[in-house]
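In what follows, chain A forms one complex with chain B and a second complex with chain C.
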Partner chain A sequence: MAHKYHILTSPTPARFKPITKAGIIAWEEGCLKCARCVKKDCVYKVYEKRSLDSRQMLDSLDTACMDCFRCVQNCPNRLIQKSINPLYKALGDNYWTPEIIENIWNQAENGRVPVSGGGYHGPFSGPGFDAMWTDMSEIVRPTRDGIHGREYISTTVDLGRKLMSLEFDSGGKLISSPPPLVEIPLPVIFDVLPWSPGGKGINLAFLEAARNTRTFAVIHQADFMTDMDEYVPNIILFADDDVLKLSKEMIRRLKIIELPDSGNVMAIQEHLKKINPALVIFIRFRLSRNASVRAAALAKEGAEVIHLTANENGMGKAEDPLFIKDRIRQIHSHLIEAGLRDEVTLIGSGGVAMAEHVAKLVICGADAVAVDIPLLVAMECRVCRRCTEGISCPVDLENIDYAWGASRIRNLISGWHNQLLEVMGAMGIREIRRMRGEMGRAMFFEELEKEIFSGMGIKGLINGK
Partner chain B sequence: MASNKVTFIFPEVKEMPSRFRNALGKYLITINKACTNCGKCIEVCPYAVFKSGMKRPKALSDHLCIGYDCSKNDYYCVNKCPEKAISLRLNPSFEVLGDRRWPAELLASTWNMAASGELPANLNYKTGNSGGGFDKIGILFPEKSKKEEDDIKNESLDGISTAIDLNHSQDSRPEVTIPIPVYLGGMSFGSVSIVTMLSRVRAATNLGTFCCTGEGGFPEELIPYSDHIITQVATGLFGVKEETIKRVRIVEFKYAQGAKPGLGGHLLGDKVTPRVAAMRQAVPGTALFSPFPFHSVYSVEDHKKHVDWIKEVNPKTLVSIKVSTPTDVDMVAVGAYYAGAHIIHLDGSYGGTGAAPEIAKKNIAMPIEYAIPKVHKFLTSEGIRNKITVIASGGIRSAYDMAKAIAMGADGICIGTADLVALECIRCHHCESGRGCARGIATTDEELTNLMNLEWGTQRIINMYISWRRQLMRILKRLNMKSVTELTGRTDLIAHIDHIHNRKLNGILEL
Partner chain C sequence: MKKTNAGKKYAIFFCQQIDKNQDVNRRSIEKEFGPQIRFFPIPCSGRIEPLHLMRAIESGADKVYVVTCPEGACRYREGNIRARKRLLYTQNLIEEIGLERGMLELIRLKAGNNYTVDKLTRELLG
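Let's look at the complex of A and B:
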């Protein structure tokens, strides 16, 4: 049995106090100074331990409260009220919501799967990834002793081109030569960022975390520095500058090179493979209406790995109305129809913000996903995008210690891995390669709405008949 | 027939105000120093917001205030006050309260029902704000004139039955009828306080229905109520004993639960007190894992063996099968029937009370609004719908959700969260933090447990269900029905607002 994939986590506190949702407004005026103040009763000792963070001017009343409302409800003069922290509301945007950011921060801090009581509290469904549910099985289980038991639920995937058959000569000697494959223990690679503050700590943290979690980080050709040399085995070099500038020595040392799609991309692939036959080539392009056609053409011409990207909200090029999960479903199905699906590896990226998005993209047909912004959020980014305007980062990402950053990313990825196991366990699947494209084991909002609700409310029609 | 058992006498509603000093409402009223204590406000307010005080009246019950809408009334205190000493404003804390599924108004409405059995005057007590499912489904009432509607409002509800039978199998086992189409879902000892557990059990007993023990055993305190207890056999088999199986009228097999479909449970070591350990036949302080799924069931045949085992141990009990809502939930329901179950209990993915990974609560398995019609339709086409009872749970929050779930195809429903809200749960979702529930509901901490007493808890839950029953009867009356059993599967009487375009509807849609 394979060695079990396990990511070491360690509590890694934030440098800044995280922005939390709830605050308390305690009006001092009118206080009766009654002998049994409700503040003494606080179960969480919020008032007793009250302090001010002088650097950020944050009152711990606004960060430690757990929303039980007991002080609000028991103060004899009703001098205490609750509020939503305006800084919390202002975090991120419609896609990168405060809830998502908070969820990533918590995992980055402690590496634990987010757990809470009291049922689900969110909207019924939503756009994009929220218009989909994953399946569960009442009696089938993946392993005998639970998802963390002695048996192994594999999240390993191979990146590269696969042969559909092996050929042998009359003497029984293998004549086909299998193309190179790179194996990663989790279907997640780290992508280049759509935006970020400067400073080399960020890239180094990505690389260190990629090495620790045995995956890869995509690095722009222009960003490669000599101090990244030791990380070459975990680098996917994105040759978006000029591939001819790459030294032969460098090409021979790399395991993966990513090429931007172009008219002569297959010729470049051939050129690079001549120098290093063990090299795996990724071809990267932005999702669009004709992505299926392009993907099929590339697959036919011998592409090994196709990296399909969306913007940070999961959308393709401007005219493409489809969200990444829906576009990838279409590409996956198109490749199946063309008889090409199993020959190439598909990687999807853009808008992947939570562990469930990894599972959902895989179910929709991606072999693996590439993550970007969450890795930055793990290092306390607030998705304010001030860096895009050249304004300094409010959490000083320019000057992070890369080891600290790597530890936070490792914690996050561990949380995601464990959540992936939860989703797979519920489905009764113990091999993520078998989850790829299993759309029958998912439920899609649009389909269910139509099936269940469209026949309701019509006279004489009971159960839609 | 259930209708000949309407002789059941329901308990009375008794006032049970908030156990905290300040009830939480949408509005806040303050009276300033200009007040001369003339008492006008006490006199004019029909909602009894004000109580007399030494220096000036106190707006002790401003959670009952109907707010700015009152300004059109001639009894609007703000205008009536001769000294203009009264001010009305939105309660800032109210905005923070609740979530999409249980918005502040629904929480406050439920507290209102639990306190007095009455509907709130000016809050949405029917739906949440989740933007889908029940919150976008309305009931289609027959077109009537304003006068006819008003007449119905005043007509007596006598003779409308809300009772349902739980044994439709026509086997030799006893008939079990519950006078309301609801029973109370399982919450184990240890996950909630003994006061919470007993409050629910006693309320169920008073209401003539059932309350499930959850996994983990049958505490002795519950024995006097055995006729109203459903004992659970869950995957860990904790606390399952021959004597407990023999004691009850319904045994529930829990295959999965909506709170965490497809996932096992985990009781932390420090929650395994000597008492919990004894009941679960385990060692104190040791973490207990409840695996997923049943390790003795690989097939529908194994499942039948399970059901047969319970039937053998207790020849009089009914058997319920509780499952979650996978893509093939309809097949699962048919399988449950052929294995000999009397009740198929569907637990939708948005419900639950216990701690669960957020990824599971949000993403795994389908919401109950999809599962009920799917199962009802399939059981009907298989010709077995009238031989099994369908109970739905998981995300049912109000009497209107209940009516919609029944119209979708359920015979009855099962409730957990709403009971806790009746006990003033605030849905902070921190059930497990620190010493446990700060409001003394889901905790075993002695001091916190003492925040609530048994009489109060029992009556609050009774009050809420009496109110739900009245709301259901009013709905049935408006639909010209005499019994809730007529409503089951009437998908022609509900409609989803996103699916009504260019359609002639079977009545007036009311959300």
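Let's look at the complex of A and C:
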């Protein structure tokens, strides 16, 4: 049996106190001086251990409280209240919600999968990834040894072009040479960030974590520096500057180069492959209405890996109304119809915020997924986007220690890997390569709605469509 | 900002109830003044403790403002009154150790006005 893929985790505390959901408002005035104050009864000793973080003026009352409400209920004069922390509500935006951010922080801190004790509190369905449900029918029949035991669930994927047939000469000698493939143990690579403060710590943390988890990180050509040299085996160099500036030596050392799509992208691919035949080339472009046609054309011309990107909220170019999962489904199906799907690798990125999004994109037809913002959030980013306005980062991300950052990212990725195993185990799929495009094992809210209500003459219930 | 204020450091504690959009509104000031001004939004001004104010002075603030909602408008009934008491208490403390009372100032907003953090700050820095 193959060696099991396992990511080592270690608790890695945040440098700043996290912003918590609720705060305590406790008055001293009006205190009845009870013989035994409810504050003494706090199981977590929140009041006894009270301290102040003067960098942020955050009171440990808020950050240490576990929301059990014991003190709130028991104070006879009702001097203690809990309130939603407005700072928490201000985290992120509509897509990168405070809940998503908090979840990533927790996973990055301890490497454990998020568990909500009281069951699922979220809505039945929602926009984007929430309008898709995976078939968990096998969850009632746990495999004999469980997904973390003797059972082996593989999350390994290959990146590169695949041969559809082998050719032999008249003497029976193999004449077709297989194109180069790169194998990664998890269908996740680290992408360039849509925004971030400066400082090289962030990129180094990505690279160190990529090396530890045996995956790759995309690095802008202009950001490559000599101190990244040792990470070359884990770098996908995004040649968005000028590919001709790359030295031959560099091209020979790299395993993967990513090219922005252009009219002569295939010629550049050929040029690079002449220098290094073992090189795998990614071609990157923004999702749009024409993405299917473009992807098919590239596949036909010999593209190996197509990296389809959406913006931070999973949307393509401005005129494209489709969310990434729906657009990728369409591209996947289009390539199948054209008989080209298995030749190329598809990577999707943009708006991937949770482990389940990785599983969902794979089900919609992506071979692998590129992650960006969650890696920054793992290093305490609050998605406030102050860095895009030239304001100093509230969590000082410019000056992080890359080893600390890498450890947080590793914890997060381990959590995601375990959740991926959970999803696959529950679906009864043991091989992620077989989960790709398995749309029959998922339900799509919009389609169900259409199916059920269109016969009744009722128009869509969501989005007023 | 007037020339006389150049280089001065400010800490501004304010009740978040006064400006729901504080996180966005304060950015223009943060951009302009950089580390010279630090904002500390608090869930209720009544949460302010002498310790907060002392720490702000300790970390180099030349002037500390505590901004509360108008009297009678506190979401937690008496938070702003408590904030005043604690500020007075801390003023006495710092005076005893030889600092000026004026380093700490309470700003109570007037009822019936809509405030944004940025406008307010500009007014304060005059």
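To be clear about the criterion, the second predicted complex is superposed on the first by the 442 of 465 C-alpha atoms of A that agree within 3 Å, B and C clash if a C-alpha of one lies under 4 Å from a C-alpha of the other, contacts with A are read in each partner's own complex, and residues count from 1 in each chain.
As a convention for this text, a residue touches a chain if its C-beta (ideal position, glycine included) is under 8 Å from a C-beta of that chain, and two chains touch if they have at least 3 such contacts.
Computed from a predicted structure; not experimentally measured.
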{"item": "Partner chain in contact with A:Glu389 - chain B first, chain C second, else both or neither", "value": "second"}
{"item": "Contacts of A:Ser177 with chain B and chain C, given as first, second, both or neither", "value": "neither"}
{"item": "Touched partner set for A:Glu422, first chain B, second chain C, both or neither", "value": "first"}
{"item": "Which of chain B and chain C A:Ile25 touches, first, second, both or neither", "value": "both"}
{"item": "Which of chain B and chain C A:His121 touches, first, second, both or neither", "value": "first"}
{"item": "Contacts of A:Ala90 with chain B and chain C, given as first, second, both or neither", "value": "second"}
{"item": "First, second, both or neither for A:Gln81, with chain B first and chain C second", "value": "both"}
{"item": "Touching partner for A:Ser54 - first (chain B), second (chain C), both, neither", "value": "second"}
{"item": "Contacts of A:Ser454 with chain B and chain C, given as first, second, both or neither", "value": "first"}
{"item": "Chain C versus chain B, contacts on chain A by residue", "value": "B"}
{"item": "Doubly contacted residues of chain A, that is, touched by chain B and again by chain C", "value": "25, 81, 83"}
{"item": "Interface residues, chain B side, partner chain A - complex", "value": "18, 20-24, 28, 91-93, 95-97, 99-102, 130-133, 135-137, 140, 255-256, 259, 261-264, 289, 291-295, 297-299, 302-303, 323-324, 326-327, 332, 349-367, 369-370, 373-374, 376-377, 380, 395, 409, 417, 425-435, 438-439, 442, 448, 489-496, 498-500, 503-506, 509"}
{"item": "Interfacial residue positions of chain A with respect to chain C in the complex", "value": "23, 25, 27, 29, 52, 54, 56-57, 59, 81, 83, 85-87, 90, 384, 386, 389-392"}
{"item": "Residue ranges of chain A touching chain B (in the complex, touch as defined)", "value": "22, 25, 43-44, 66-70, 72-76, 78, 81-84, 103, 113-126, 132-141, 144-146, 354-356, 359-360, 419, 422-423, 425-428, 440-443, 448-464"}
{"item": "Contact footprint of chain A on chain C as seen in their complex", "value": "13, 16-17, 20, 22-23, 27, 30-31, 34-35, 40-44, 46-47, 49, 51-52, 55-56, 58-59, 76, 78-79, 82, 85"}
